[in-house]
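Across the two complexes that follow, chain A remains constant while its partner is chain B and subsequently chain C.
On to the complex of A and B.
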């Protein structure tokens, strides 16, 4: 990539708030129902229907705003954004124009090993539109089908300042934003289900130039990876165009996952005249400071604080503490497990290692995991007591993951229990010594490494169930006596 | 006061109206006179008057976050000109 140009990125993120019902009507806000089964005359835009605001939506917006260090407006209102599109039954979207509910916030990301503060211009409430469904591919189909289940789902649109300077920073911003929203508990933030969506405004300019370059808005970024790749592609495209003496056109582009390119959507210039005006069907909001205070009190421990706590209380590395505080579910698992087992580092190692590995293999969320935190703690205690070895524990853990059974039950059923009985081990070891007089002589003649072979024989005789520490101890005693 | 033909065309495009030349001229004049009438409001001295966002002095009208199922799909779609697989069938836009 050219070193002469600086990349400038601002992100617009739409997040679906996880209320029970929609923003302006009582239809369920549930993902995945059959087309047009979660609809009513209000969200289908029947004439004469009147919207009524869901109070929980305002609570969540305030909560998200506080999590993002925003100022919460004392007064705000809704406006109509007018445009024609088949997924918008009223031909206007109820949104917020000049008086958003949240403004002037920020979040901190880590970029190139340094902390960087990214400004948040505003966050405003709006209703989602419906979904257009095409048979076959979009280009080959001759008509569209409209599903209005999503119409009226509450959205918070969060607009960042153009403070991001690379695709990595954009991704870090998205990950941090997701984490904060998950901790605030306002959304499930599933990019694959569209409850977290991102548009990127991307431009480039020669280093040192104050003025912004002409930007392109990129849509259809459905994963963190897509955010990164689309920005990389777009930056390359713009720099190449500028170096070839071309001009950048301000336009909307879409990310094509299959071709890994951004493509111009070439919308008519005039279509961007939304003719906003205050929504006459909804009275304005006055948000008292008591209300904001009440929401502030209800915010749980946020990831930054939790991270510091884990590092201080358990001596975890910053890296581990970061991973454990990525989602509230991971943190809750850790916290619960640590109620039953003291060593946080060991819990962290198992969670970051085996647990994450198995979850990734099965493409599962930790919330769906069949191993309960208390069961992991129980298993860790069995290792400490010498009843199973670390190696056996991995097998036990896998079975726990698959069946949800407790570790005690598994080791009993599989006969996996480690042999830690000195009498039993002593007999087995004596047999091994008697069968291998040559090796024993080698040892006594100074070849200390010969014990390795003998330990191996003991392990074989016990199918790996002998307590290794005890085997070493007894063997040493017998060989030197 | 008359609206320019360009302004009428712009508004017509936004409203997805296909106007003939004669209509454009007619509406330029009619819309112009409506705007002129509304313009009278500018003669009022509004110094120190707060802008009004809503006609009624009411705030914070809310609904509880409770689900009430809507009507059956068949009922909702009953007035649609074209229905396919439980969805509205419309011309392709993109």
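On to the complex of A and C.
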């Protein structure tokens, strides 16, 4: 990548709020239902129908706004955004134009080892549109089917300042945003289901130039990876164009996942004139400070607070604390486990190590994990009590992960319990000493390393179940006596 | 008197005293409709069988609600479950809603018997009912003349005694102007007094449902049923609703009435000015205090209205795209073509013109100069009224600049046609309640007097209208379309 150009990125993120019902009617808000089963005359745009604002949507928007350090407007309103499309039943989308519910927030990211604060210009409420379904591909299908289940699902559109300077920063921003919204409990944030969507405004400019370069808006970014790759591609494209003496045109481009390129969709001249005007069917929304306070009180611990707590209370490293606070489910697992087991560092090691490894292998979410936090605590105690070794614990843990059984049960069934009985171990060790007089002599002649061989023999004799600390202790006693 | 000639409250009495059954009343109404409807053409849809079924059911029922067994009609812009609701437009020619508008369900629950759906200007855009995509309605006082509009079918049907009362909608005068042309009572309540849920929107910030009746008592009775908060309409206000029949008292001593200079100027027919001035003398005679005032921004109301209303209409009518209901062009090759050919064939010229006007007014670069400015003018108009209402209880003016004009007289001349609403539009722009009541005749054609009240003070309108009615006999005069 050229060193002469600076990349400037702003992100527009749409988040579906997981309220019980839709934003302007009482239809159920759920993903994956049979087409056109969660619909009514209101969200299908029938003649004479009127929107009524769902208060829970406002609660969630305030929650998200507070999580993103936004100012919550005392007075905001809704507007109509006009355009024709078969999935938009009223041919206008109720949105917020000049007076959004949240503005002037920020979030902190870490990228390339540096901390950076990214501004959030605004976050506004709007309704989602339906979906067009095609048989085969859109170009080969002779007709389109309209599914309006999604029509009227509440969306919060979060617009960042153009503060991001690389695709890594953009990705870090998306991950942080997702984490904050998950902690606030307002959305599933599943990019693959469309409950978190991202458009990127990308431009480049020569270093030192204050004026912004001409930007392209990139759509169809359906994963964090796509966000990163599409931006990288687009930056390269723009720099190459500029270096070839071409001009960048303001346009909307789409990310083609298969070809790993961005492709022009429409130019600025072809852009819609949305003819926004105030929605006459909804009175302006006034949000009292008491309302905001009530939501603030109901807001769960945010990841930053939790991270500090983990570092302070358990002495965790910043790295570990960051990872544990990536999602509320991870933190909840840790917090529950720490109720039963005091050493947070050890819990953290197991979660970051074995647990994450297995989850990644199976491509699973921690919420789907069959090991319960209390079971992990139980297993850690068995290690402390010397009933299993750390090495055995890894096997036990894997079985727990696969079957969901408790550690005690697994140990019993597999006969895996560690031998910690001094009498039993003493007899086995004596046998090993008796069988290897040469090695014993070596030891007594100052070759201290010889114990390693003897310990290995003991382990072999016990199929690895001997308590290693005890073996060392007894062996030392016997050799020096 | 024949049953069809009776008012709603007279019919209530007959039913209560078992002097008539609902079936007899409904039969009388349909027999009247058969006699005059070929001339008036007020109805788009009639449901004789359904109405009779309902009437018979009520006849064997013991308990009475306020409207039990009484026939009525709805303007065809008000959704009625299971009955076509066309908005007098080809695009909704066969649209049958599976839901009732709140006003329709309230009348239904009160026991009313829906006779049919009434003609109008397409999507309520017009002042003569000539813009109906199906046929024009005629004025019962003179069949060569228009009944006014857009709720012309409602006004004509009530005036011709086809039904005792009807509902209409009023965005810029669409209840009061036809009431004036047809010599009946027409009330447009305060914006937010009556639910708009299920009423097909023309201009959402101005539309309001109201009542056509042959006297003031009926108007109060119907308002009692339809007014009041509706959780399905966020603009319908939760404010105490009085019993409007309490205002039916023949006493207006000390009532302070203003008449605005600007509503009696050039352009208003002399005969109408004289008639309304005479009515004002009557008010003085009855003990009211009558004074002239000024509403200085009146002249800007009409141009501002023709920006706000079309702008909202351009969005409201965008949903008629052929995708989910109503007309669709199945021959179109792609979806954009389907949208445009469906709408090109489905909408009439006046509707298309207003959609284009509104689209233009909202376009990028024009918004501030047109729509935003119109909103500011709207505020000034409201301020004018607020100021007058600091000192007065009521404002009185003519309802229309002329009496009913002839069919075809104003078609092709939208500006002249728009002038019909010059005295009624400001009231919608300010969101106030307005009423037109019969106050005399010029050349054997009815003249309407407009009463304008404070927000949510429909009570004072009813009180003043009732006092005038009790001391005059204009409301007893009836046209006779049957003999023509």
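We adopt the following convention: the second predicted complex is superposed on the first by the 470 of 481 C-alpha atoms of A that agree within 3 Å, B and C clash if a C-alpha of one lies under 4 Å from a C-alpha of the other, contacts with A are read in each partner's own complex, and residues count from 1 in each chain.
Following the convention adopted for this analysis, a residue touches a chain if its C-beta (ideal position, glycine included) is under 8 Å from a C-beta of that chain, and two chains touch if they have at least 3 such contacts.
This one's a predicted model, so the numbers in the text were calculated from it and none came from an experiment.
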item: Touching partner for A:4 - first (chain B), second (chain C), both, neither; value: neither
item: Partner chain(s) touched by A:246 [first = chain B, second = chain C, both, neither]; value: neither
item: Contacts of A:50 with chain B and chain C, given as first, second, both or neither; value: second
item: Of chain B and chain C, the chain that contacts the larger number of chain A residues; value: B
item: First, second, both or neither for A:145, with chain B first and chain C second; value: first
item: Touching partner for A:74 - first (chain B), second (chain C), both, neither; value: neither
item: Touching partner for A:86 - first (chain B), second (chain C), both, neither; value: both
item: Contacts of A:422 with chain B and chain C, given as first, second, both or neither; value: neither
item: Chain C-contacting residues of chain A that also contact chain B; value: 41, 44, 52-53, 82, 84, 86, 144, 146, 273, 275, 280, 282-283
item: Chain C contact footprint on chain A (complex, rising order); value: 41, 44-53, 80, 82, 84, 86, 89-92, 144, 146, 273, 275-277, 280-283
item: Residues of chain C touching chain A in the complex; value: 78-79, 85, 87, 92, 95, 97-99, 101, 196-201, 203-205, 231-235, 311-312, 314-315, 318-321, 323-325, 335-336, 339, 359, 362-364, 367, 371
item: Footprint of chain B on chain A - complex, ascending; value: 19-21, 25-28, 34-41, 44, 52-58, 77, 82, 84-86, 132-134, 138, 141-148, 265, 270, 273, 275, 278, 280, 282-286
item: Residue numbers on chain B that touch chain A, as the complex places them; value: 10, 13-14, 16, 53-56, 58-71, 73, 76-77, 84-94
